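First chain A sits with chain B, and in the next complex the same chain sits with chain C.
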Partner chain A sequence: MAREVSEICMDSVLAEMVASYCNRFYANKPDLAARRIEAIGYQVGHQLSERYTMERPRFSDHLEAIKFICKDFWSEIFKKQIDNLKTNHRGTFVLQDNKFRWLARMSVDPSADNGSNEDSSATVAESKAAQAMSMHLYFPCGIIRGALSNLGIPCAVSADMSNLPACSFVVRIKA
Partner chain B sequence: MIVCVAVVGHQNNPLYIQSFTEADDALKLHHIVHCSLDVVDERVNNPKKSGPMLNETFLGLLYPTDNYKVYGYLTNTKVKFILVTTDLDVRDADVRNFFRKFHTAYVDAVSNPFHVPGKKITSRIFAERVSTIVKSFGLNSAG
Partner chain C sequence: MAPVAPRSGDAIFASVERVNAELFTLTYGAIVRQLLTDLEEVDEVNKQLDQMGYNIGIRLIDEFLAKSNVSRCIDFKETAEVIAKGLVLASLKSPVKHLPCHGSAFKAIYDITSVGFKMFLGVTASVTNWDADGTCCSIVLEDNPLVDFVELPDTCQGLYYCNILSGVVRGALEMVSMKTEVTWVRDMLRGDDVFELQVKLLKQVPEEYPYKDDE
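Presenting the complex of A and B:
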């Protein structure tokens, strides 16, 4: 009896979570907000990995676990696999998703920038948009980190969104 | 009959341990569970013995004693499940089936947002589900 939730609800919850942490709870402390959002993602990833690895043999090395994240784990969450996986074979992996679902339907609110500063040049607006976007990526970063940590791989995850809506996650495994 | 089940975390910390006997032998059963942890480590670190079942979650019979048989199961997240039974002719399929159901119950319990990872499982619902699974195990092997 799988219970389903409309996808737009998920999108809205995520957007609202980020908005609440950034604009209400930690309005002037973006670092703290980012850390809190990442921590929520960590717990979610931790619990999801427990569920999604139930019916499979144990992983023998890091690459296998990363592949699991790219294929099955990503399919479960985003209904698609990671499009490109790169590694330097020394503990750094780059997972690229060419159309990241949680950013695909996102646009910047134009009224938010105009009101406050009148000399809002294009670059300022752009960097603000980038900052707002990056806030939404702490949650998926946390999910990846939580899942991998639960599989016994301590790591640091950061996101890169230089060419939207493609988005890449950089996983650095701690030795 | 299953006399004891246990969930042990990845640092060998007990997460849940429950015995199902009337007699006052909980300590003895806990001791058996404790001993089995070394066997689990041995199995995992020397995978040659397991041969084709490499890295399977179900570890099979860990060790038989005079009165008990001890079975083990290791999840991907390095959580160990230990089962102590007094039946001497247990079918592997039954044990596998038991662990599968037990794992599902465990996953549901730790997916509770109020559960703190790495802490003992105190959920009453989990305890009830486990005792149901334990009871049904006896029925399966009898029939």
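Presenting the complex of A and C:
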């Protein structure tokens, strides 16, 4: 049986990594922090896809590779598949996970409920929370980009979390 | 009201959500690698890994107390004893014959670390090498998922690759009122046969122990 660790280890390390980059190493440079977090994900995705495809024949086209990400790759990491895959047939794929694990247990910044009733401060707090959350998405975006890049598919990956707890990853393959 | 029966590290590990260790191991490796690139100095990387571990440790202790059913203990001494009797013996593969008797407080190191390593990382840790006055001991790990696939290049000889673990231990113990200093004595990545963390008690502040809830 494959070796396992408690999920809280993974969650703790990820949360702490994001916090370290955003609050300590690049406190006032969210762009730099985001790039580093994405780079860490890229490394992980690259190595994992190398391992998970060792015994497989090469993928015949982009769609095959994306399907591998949606099914086998996602299952190894999250014990579930991507719930919905869409494509425009011109190199853009949208992978939707209806209950994305790494966001499922995230709490919103408590300062949002603190005292003030003014709409503006609530909005500010909300956007701050959204920004903090989006920092957590650079890692999975990096994982997908790294995995596909290892399969010979250069791409850009972004995430959309407007329908929490669902989360969509948009993959744009570079021509 | 008596506390609910404590649970063993094995039982807890079997019941919690788990993930593929490969993902965890590679993620940790990628973090260390990125830190080496960004911070450049190996000493700084050691320091930051320790800090990250500390921050994790001070939160993991809650998970530990909740999952191991010792959250309703009246004071620190009781907590230590409940864990010591129930959990340590059950979690270690070979039963412990001699629990050190140098103050029940210090037993907590025993409990928290050996149960903790099992329940979080799924590995068995043992506690040995107590010194005569019971203020210093070693945590020994024969297996450690953090280092699967890892080999240190020559340029990283000063790196304590697993330094996050020492930080976790230090942070967790601090939350139960023990200020400790945790250092690596043996490291399999440096050619030793096991991992050994030395835990030295610097200061004990029992009055700060927060678990004084009503009966």
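Basically, the second predicted complex is superposed on the first by the 163 of 175 C-alpha atoms of A that agree within 3 Å, B and C clash if a C-alpha of one lies under 4 Å from a C-alpha of the other, contacts with A are read in each partner's own complex, and residues count from 1 in each chain.
By definition in this document, a contact is a pair of C-beta atoms (placed from the backbone, for glycine too) under 8 Å apart; a residue touches a chain by one contact, two chains touch by 3 or more.
Every value quoted in this text rests on a predicted model; they were computed, and no experiment measured them.
Asks: Is the arrangement of chain B and chain C around the shared chain A a clash or a fit after superposition?
Replies: Fit: chain B and chain C sit side by side once superposed on chain A.
Asks: Touching A:Ser12 in the superposition: chain B (first), chain C (second), both, neither?
Replies: In the superposition, A:Ser12 contacts chain C only.
Asks: Of the two partner chains, chain B (first) and chain C (second), which one does A:Asp31 touch, if any: first, second, both, or neither?
Replies: Neither: A:Asp31 stays clear of chain B and chain C.
Asks: Of the two partner chains, chain B (first) and chain C (second), which one does A:Arg51 touch, if any: first, second, both, or neither?
Replies: A:Arg51 contacts both chain B and chain C.
Asks: Scan A:Ala2 for contacts with chain B and chain C and give back first, second, both or neither.
Replies: So A:Ala2 only meets chain C here.
Asks: Look at the residues of chain A and decide whether chain B or chain C touches more of them.
Replies: Answer, by number of touched residues of chain A: C.
Asks: May I ask you to decide whether A:Asp61 touches chain B, chain C, both, or neither, giving the answer as first, second, both or neither?
Replies: After superposition on chain A, A:Asp61 lies in contact with neither partner.
Asks: Between chain B and chain C, whom does A:Asn150 touch in the aligned arrangement: first, second, both, or neither?
Replies: In the superposition, A:Asn150 touches chain B alone.
Asks: Quick one: is A:Ile77 in contact with chain B, with chain C, with both, or with neither? Answer first, second, both or neither.
Replies: After superposing on A, A:Ile77 lies in contact with chain C but is clear of chain B.
Asks: Give me, in Å and rounded to a whole number, the least C-alpha distance separating chain B from chain C in the superposition.
Replies: 5
Asks: Counting contacts the way the document defines them, which residues of chain A are shared by the two interfaces, the one with chain B and the one with chain C?
Replies: Touching chain B and chain C on chain A: residues 43, 47, 51.
Asks: For the complex, which residues does chain C have touching chain A?
Replies: It is residues 13, 16-24, 26-31, 33-34, 38-39, 48, 51-52, 55-56, 59-60, 63, 119-122, 145, 148, 164 of chain C that touch chain A.
Asks: Using the touch rule from the top, collect the residues of chain B that touch chain A in their complex.
Replies: 10, 54-57, 74-78, 103-104, 107, 110-111, 113, 117
Asks: Under the touch definition given earlier, write down the residues of chain A that touch chain C in their complex.
Replies: 2-10, 12-14, 16-17, 19-20, 24-25, 36, 39-41, 43-44, 47-48, 51, 76-77, 79
Asks: Over in the complex, which chain A residues touch chain B? Could you list them?
Replies: 43, 46-47, 49-51, 53-54, 56-60, 150-152
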